[in-house]
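You will see subunit A twice below: alongside subunit B first, and alongside subunit C after that.
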Partner chain A sequence: MLMFALRRLGFVAVVLLVVSIFAFLVPYVTGRDPAREILQSRVAERAPDEEVLEAIREELGLNESLFVQYQRWLGSAVEGDLGYSMVSKEPVGELLVNALQITFLLTTVTLTFSLLVSLPMGALAAARRGGWLDNAIVAVTQTGVAIPEYWLGPLLILLFALTLGLVPSAGLRGPEYLVLPALTLALRPIAYITRISRAAMLDVLSSPYITAARARGLSYAKTVVRHGIRNASLPVLSVFAMWFAGLLGGSVVVEVIFAVPGMGRLMYEGVLNSDIPLIQAGLMTIVALAVVFNVLADLLYTVIDPTVKLRR
Partner chain B sequence: MSRTSPADHDVLLRVNELSTWFAKDDQVIKAADEVSFSIKKGEIVGLVGESGSGKTVTARSIARLISPPGKIVGGQVFLGETSLLDLDEDEMNAVRGDRIGMLFQEPRVMLDPTCRVGNQVGEPLRIHRATSKRDAWSTAVGLLRDVEIPDPEERARSYAIDISGGMAQRVMIATALAAEPDLLIADEPTTALDVTVQAQILQLLQQQCRERGMAMLLITHDLGVVAAIADRVLVMYAGQLVAEGTTEEILRGPLHPYTCALVACASLATADGALVTIRPSSEDLGEGCRFYDRCDLHGQAGISDRCRDEMPSLVESRAGRRTRCHAIELGLGEAVGV
Partner chain C sequence: MTALETAQAAPPGEKARGGQTNIFSIPAVWSRTPWTGKIGLITITVIMLLAFAAPWIAPYDPNEIDLINRLTGPSGAHWLGVDNFGRDVLSRLLYGGRLALFIAAISVVISIVVGTLIGAASGQIGGFFDEAAMRFVDLSLGFPTFIIALVIVAILGPGFFSLILALSFLGWTPYARLVRGQTLSINSQQFIEAAEALGCSRWFIITRHIVPHTINPVLAMGFLRFGHMLIRIGALSYLGLGVQPPDADWGAMLREAQPYMQREPWLIIFPGLAIFISALAVTLAGQGLTHAFDARAAHATISASLVAEEQAR
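For the complex of A and B:
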């Protein structure tokens, strides 16, 4: 177990190093001059003065070669210094932590709600395989997969915030502000997790060991509880981990629509402003989170299913 | 091996015209067609026949473990005084694993991969005896010792992935024995195992039956298995019982042409060294004898029309010896050298 964890950690380090190169380079491929962008964002009307531009480049180290810049960036990143936002001048680390907290909260609420809906739905569909309820659930999840958030979000605002006035439509000043963004975000995970849990349950229920458990005298319901759920939870867990890591990166669409100051919106604004330190650190953070969650999911598999061998 | 008809109080299981059909498209397959037989207390009865002859369906019908599209459509099954087909689902759950234990062909996939061996072996006790988890575990370890698993404390903690097929079947046997059932239904328990392991498992099964006074319905396509441990033999063909007798009678003096062919196949070669084969059957079953297409006897006996058009019935020639064949019924078997 310990060796497995250590090896996975080594693997994580390699992945992060490779990703750091890409994250560092991404802002440069836009081909825009960050010094010019910054100057224009501060003094809008005047044509940029070459001397001032040069001073900015000097100050931010933009004149050095890319390799030196990368080294310097990575060095301070490892020490925990992610630099300062070019726009707000605030420390990038602080911006990211604040945004992550909010996105983490939104993700947790979204996925808890998704699981509460989709696990019973999936199990029910599997138990009633081929029946009208199963068909209905499959049809609904198929539709759910296809509905885009930029359409569902405004629709929910129109219905629940503007017409019915039940919940606020934008901002984040209390728990009730999370309702609509979480609902919007939950639709697709609900659809996917329902489908995977239905498939997993069907697979398990047709397994020989279920028949064997019935032959020992367990009722059908108890067989499902004692021998079905644990076995069916593995594929569900992997899809869940994928969604968790994915949503932690923040949803640009939902966070912009509902004015939630999370990761998605932070990155969106960073890109709009060519805020290079913010983009670089944000990308690294999102990737690191995804990788870490995958490793955690792998470790959790081995706890649930002894047949998952700890190798690689 | 009493030749006399068993007194009723000796009978443990009585299956009476049990029929289980499978609906396939708009066709009905009579997987078990009016099957009747009985098993005495402590008796080992072999149920033989080729793949698809209805052995497994018959066995699972007794335990009512038939899932759609299969359906038990008629007949009666008595376990002691209890009419199993009349029980509701809860009452039937109380019978399974308690009074009837079951073994299956592929023991390893019959074990829940996420459940420790000891917990599975003890599960019947948890279900039927309301035994505490701790007590069930220690009983399970004892049962694993009974089925000759080395180092049972250690094995009880392992998972299906960690054990071999032969070991898994021993675990399944221990599980089936846990609640001390009266009847063990063993569906091809040695088919998937190595030849060397097969004999050990059979010996173990026979020994456990004798020690516990437990009866066993042993399903197999291997006459060698039957010869080794069965007291009596039932032969199934195309969903019907076609022959019944003591192991001695069936193996030494088979009457039904299908049984004759099976026995000849089992001894591998005829006197002149040629392998014996049975002609494959045609798909559609007519009104008459289901073995008609593959049988040589009706031609030799000169009763082909009757065999083709009229279903022979299972006729008792002497106590406990039954055969479903017109030629045998008419006493024509000997005339052509069967």
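For the complex of A and C:
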């Protein structure tokens, strides 16, 4: 167990290091000169003074080798100093924390709703395998994944906000503002979790121990509850963890459509404004979150299912 | 996958045959594809042909601006109405799929090639390379790949090549995982042992034995992923980072139509419908092909195809 955890941590550290290099190199790939951009943002002058440029480079340490600059950037990032946004001049750390809280809220609401809908649907489909209900559920999930969110979102706004006036269409000033974004965002998780839970349930229901339990005279419902659900929960948990990690990075499209000030929108605005410190820190944060969740989910499996081999 | 598994009961004779279908024998594949898959294949072929033939069949120039007749509904002259610049919606729809379909197809091919090679190498070489590659693939499934693609497009600037790079960048990972699994099961078979005994190189074994044996599920997965690529390209265009104006694109059309949707709902209904139908068609085709290629492996590829779809956030 300890060796397993250590190996995992070692690999995670390597991945994070590689990602940090990737994130750090973002501004250099563009081929733009940061000093020139900073100066141009301060003074609206077409041809900046070379001497002033040189001074800015000296001040920001841009003349040092990339490696030294990377070390300095990573060092301050580890200490929690992620720099300042080039647009709003606010500390990037604060911006990220605020946005993450909102995205976390949206993700939690979305996935809770998805689970509540999809687990019963999946179990129902598995129990009625091959019947019309099963076929209908499967068809709905297949159709669901082909619907683009940037189509469903505006359609929901058009129907529920603009035409019926039931819920607000954009912003985030109360719980009712979360309804439409969560509905839009839940479409895909609902489809996947339903299919996964259906497949997992089918798998479990065809196992010998279910037959054995039934042979011992346990009722069908009890068999499913006692033996089925726990064993079927593993793949569902795996998908759930993946979705949680992925959604924490923020859904750009949904957050932009509904003007939710979460991670996705923050990153989108950062990208549009070439806000380099924000992009660097944002990329680092969302990938680190995804990695941490992945490792946590792996460790959780071993708790739920003792037969899972620790080293794959 | 599962609709086919249940809705499609293969004729007993065919089921007994089981095993692999020769993918180069089109009638054999077609006859074993369930009806949903056939509909999907036909639909996507028609959409591709329409997009390809757009210059010849479109009734108007897609960029022709007619401000006097802007935002008028469907009529005899303009079957699907006119947008906020007075451009013909039907013509823009026909043109709107050209770039997206092309970019999606190329990205899928690149992802397949890279993923197959890495997966086969991983399964063949094993050891540290295998562990590192597969750990990375596992981790990357949780990555917010859309934001990474967004950043790549933003850095390199919107354009043909940056879109392809952004979509292929992590797009290869599900194929790598699938092919590795297949490679491991093939590796234990005697003809691989024989090839090794005869002194064949690893490269030879991978390209001549492993790749041909894994091509069916990989191809089916390619279809499944194609739909997601299409949706993602539309998302990038919707966000203004994909296909650039004035070129027509389904995603960009949705964004342009949004301010007018209450007044003229058809403006957002049709482009979205185009993406939806295309994505649904390739998904059905992919699932049908999964079934047709290998009835026995249909169950095994359920998890593989789900992995393919999960990543498509």
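Assume the second predicted complex is superposed on the first by the 269 of 312 C-alpha atoms of A that agree within 3 Å, B and C clash if a C-alpha of one lies under 4 Å from a C-alpha of the other, contacts with A are read in each partner's own complex, and residues count from 1 in each chain.
Just so we're on the same page, contacts are C-beta pairs under 8 Å (C-beta built on N, C-alpha and C of every residue); 3 or more make two chains touch, one makes a residue touch a chain.
These figures come from a predicted structure and were not determined experimentally.
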| item | value |
| --- | --- |
| Subunit B versus subunit C as contact partner of A:Gln101, first or second or both or neither | neither |
| Partner chain(s) touched by A:Val253 [first = subunit B, second = subunit C, both, neither] | second |
| Contacts of A:Asn231 with subunit B and subunit C, given as first, second, both or neither | first |
| Subunit A: partner with more touched residues, subunit B or subunit C | C |
| Partner chain(s) touched by A:Ser88 [first = subunit B, second = subunit C, both, neither] | neither |
| Which of subunit B and subunit C A:Ala213 touches, first, second, both or neither | first |
| Contacts of A:Ile147 with subunit B and subunit C, given as first, second, both or neither | second |
| Which of subunit B and subunit C A:Ser76 touches, first, second, both or neither | neither |
| In the complex with subunit C, residue positions of subunit A that touch it | 11-12, 15, 26, 29-30, 129-130, 134-135, 138-139, 142-143, 145-152, 154-155, 157-158, 162-163, 188, 192, 195-196, 198-199, 239, 241-243, 245-253, 256, 264, 267-268, 271-272, 274, 279, 282-283, 286-287, 290-291, 293-294, 312 |
| For the subunit A and subunit B complex, residues of the former touching the latter | 207-209, 211-220, 227, 230-231, 304-307 |
| Subunit A contact footprint on subunit B (complex, rising order) | 63, 65, 89-90, 93-98, 100-102, 104, 106, 109-115, 123-124, 127-128, 159-161, 172, 175, 179 |
| Contact set on subunit C toward subunit A in their complex | 1-3, 6-7, 132, 134-136, 138-139, 141-148, 150-151, 154-156, 227, 231, 234-235, 238-241, 251, 254-255, 258, 261-262, 265, 268-269, 271-272, 275-276, 279-280, 283-284, 287, 302-303, 306, 309-310, 312-313 |
